[in-house]
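Structures follow.
First subunit A sits with subunit B, and in the next complex the same chain sits with subunit C.
This part shows the complex of A and B:
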């Protein structure tokens, strides 16, 4: 592999500085075998690309031959229908509320899940394995799939959106937090256990103080993800500004669609910036 | 800075940063926000109580998944989603590489900031909103999805490519320049060899994200499995939904673990 071969000098340099004594020059890789291997991989990648391109119907003609449609789309969209703005205020507030509740609920649930899924903290190995597996399964579901599921289960509306974001938040944050919990200083745990503390005391006095900063910072991160996600939840009927977007899209009111898109992006960016600032202040 | 600890050499201890004030303030602010949100989205208590049962009931209707439907429709749709993710990642990779190079402050000090803001701007538009605009241009179907995924990917890939290049070693660049190498030679012999494996790992990571992203694009008619998910739920054919979810979960798990294994090899040489 040519990349590996060219990476070598940097790699030996690093190990040389850390170990001090030179470990000797590494064997040069087998060039011919490397080239053949690279060739096979490359051919495979080209093959997959051709197949995928065919499946999606990739066509330069369609991309470049439709510039007149771009023209029309731009004509339809601009200028945005500013007068529509008052009807966006309530849905926007609802979007923010969905994100707030989804984040709060999700992070509260993610906390115990993460502790049970951290190898160092879980009270029993099987609990660790089961929670880890559940966590990985949760994480495979795309956010809008959750929204669709909950919109079916509890009917359309913001409540479905909140539940969807809770599920999504638990999936993302429990993973991150369990990794932080696995990286904590274990000697403190040992100290609490040695002085007779049970699992609850260990978590309370040894784990919790060490992961609070991570937990706070992940909560803000989750809020940033959720405020982004919450704008499109409505496309599947789960409340917020996306519901308006869906309605206007279905009647091809592109001058309203562009207003909704721009306004929700602006709100997302502003809230993200505020959240980032608060996170930096706190952690 | 790795000088001696300042506390021992400084004449007096610096005052403790007032962390508590910020903390309590923020706690109150957050509590207020949660209360505001909870009171505005008013959820009748009986709905809150029935929600877990409703979800469980729905989940139980998914089993057993309709495997015949799975073979007939889901298989093709999930392959479409994978293809959307692949083509989208490729579009993103090809276009983000030059942009990432231009955005790297150690190579192009002047261009870095404007190109980075361009990338941030691209990143701000989620795939699904981009797909809304690609569908009327190239028509309903996976092509629109692939373009949306590709365009959105440029933002994140370009930024992280620039970050990787910025953390690379500049001495080889100097060496190639000193021996009279052109700009192309600098790229080929000094920059790319250092960063390529990390950038390829980044592309794989983006592919994992894009598989999830492409799964939902069907909601706006941009192809893939999302359309089936929506329709099967709408027409309450829950056994079909079961097949859709099963296929999605399985494909995401396989892609994640394969791509993760390759990334591990790429970055830990």
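This part shows the complex of A and C:
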């Protein structure tokens, strides 16, 4: 496909004329149907957006009319209370720890879940169906839901945050990884089986070597998602910087709130960038 | 002695209704070098894969070293497969693993799972793997990544993997079909040497008739899942081939013609 695309201009250049050089060359496919289809889809999207805006009572007037409130908020927030920042260091470290533990735990659990939920790897069809169903169920819940659930189940604090991120990570990564596992070359699996290897040996020697690069890449990706998520988790009581944010919000200390927001933003961006670089380097 | 492999009214019917093997009867003595020929779709691969249970025998049975394939399950099937080494047209090595690790896959049925999972291979199994590599002349490449070898070398690693199983039977499904003529002969020589030196019963699917005649002790011809020819390798005539193939031989059927090109 790509060779055909690159060879075409070269061929016309060589012939030097606009005259077609080959009689056997196929006509390009008619794209009219595709264009009409795109138009319909685009119109549909616009329609849905308008409908959704009406539903939530969106109005330009309200947005603009409230600008003075925003103005006041900004007044209260600036300048940030820089002196407050030493009290953010420990909560920030806690946020990072929550993300690290949530990622590590989540990815470790996601690995077997993904293998059992990959049709071509699962040892039995019913195991595949059960795992896939569990995985899809897990994925319907957002990260904040998990945080609230665990914050009330264990107690408020970082442990609840770690549990929430583990659940969230398993949900996201097992899905991605099981799709990678379904795309591997199956012929090697047969070779291991033919040598007398069982399921565990087949996974270890034929599946694992083929999915390591994906697994490493997804682990970093999960960490990037989790470092973002863990800053917010505290808002519902699951430890880290978000807990401080919640306290300061509740006492209207906006000059501290803005500091927290700025510092969190900087930390998240820096860590994300580092993780992204490591991921590129490794895979 | 009883036969190493005995097909006993073997039927293989695929789920889509296609008959891979149709009431197939054949006995192969221990240590024989048998070449299986037949048109594409005749059932050659099905025949080999029925021996180690990679395809399901739907009626009758295949007896391998005294064990019926049909009843073998779980660890019984694993032990049967451990005794049967298999070599594939497309090599089927784990490309990211070293040559040695690929050969050690042949030891999986003997090594405890916890050890193989962390690659804590017992010394005697590593020795067996090195012996196998030495036999195919690749000992010095043991720590090379499998993907960095040439096609012929990869196929020799495939042979070493099968040898590491210390099998009583070797099945080779078109082992030279992805190789050039010169390499093909080298790989066939390896298989012949191993058969003679170690007395391993060897079944090879081939589609080049001159190669079949040159290397086979015995030639077995298949057509539509049935046995249509069975004779000594040097006694087979062009007429026999025409009968197996249901058509006259062409240049495509001989390796020498490809060498000449």
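Keep in mind that, in the parts below, the second predicted complex is superposed on the first by the 228 of 283 C-alpha atoms of A that agree within 3 Å, B and C clash if a C-alpha of one lies under 4 Å from a C-alpha of the other, contacts with A are read in each partner's own complex, and residues count from 1 in each chain.
The definition used in the following text is that a residue touches a chain if its C-beta (ideal position, glycine included) is under 8 Å from a C-beta of that chain, and two chains touch if they have at least 3 such contacts.
Since we're looking at a predicted model, the values are computed, not measured.
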{"item": "Superposed partners subunit B and subunit C on subunit A - clash or fit", "value": "fit"}
{"item": "First (subunit B), second (subunit C), both or neither touched by A:249", "value": "first"}
{"item": "Which of subunit B and subunit C A:257 touches, first, second, both or neither", "value": "first"}
{"item": "Larger contact residue set on subunit A - subunit B or subunit C", "value": "B"}
{"item": "Subunit B versus subunit C as contact partner of A:201, first or second or both or neither", "value": "second"}
{"item": "Contacts of A:188 with subunit B and subunit C, given as first, second, both or neither", "value": "second"}
{"item": "A:46 touches, of subunit B and subunit C: first, second, both or neither?", "value": "neither"}
{"item": "After fitting on chain A: smallest Cα gap, subunit B-subunit C, Å", "value": "10"}
{"item": "Of subunit B, residues touching subunit A in the complex", "value": "22-23, 26, 30, 33-34, 36-38, 40-41, 43, 47, 50-51, 54-55, 57-58, 79-80, 82-84, 86-87, 90, 124-126, 128-129, 132-133, 136-139, 141-143, 145-147, 169, 193-194, 196-197, 200, 212-213, 215-216, 219-220, 223, 226, 229-230, 233, 236, 245, 248-249, 252-253, 256, 269"}
{"item": "Complex contact set, residues of subunit A against subunit C", "value": "187-188, 190-198, 200-201, 204-206, 209-210, 212"}
{"item": "Complex contact set, residues of subunit C against subunit A", "value": "52, 54, 78-82, 84-86, 88, 90, 92-97, 101, 105-106, 108-109, 113, 116-117, 161-162, 165"}
{"item": "Contact footprint of subunit B on subunit A as seen in their complex", "value": "3-4, 6-7, 10-11, 48-49, 51-53, 55-59, 62-63, 66, 69-70, 73, 93-94, 96-98, 100-101, 104, 136-137, 140-145, 148-154, 158-159, 162-163, 228, 231-232, 235-236, 239, 249, 257, 261, 265, 268-269, 278, 281-282"}
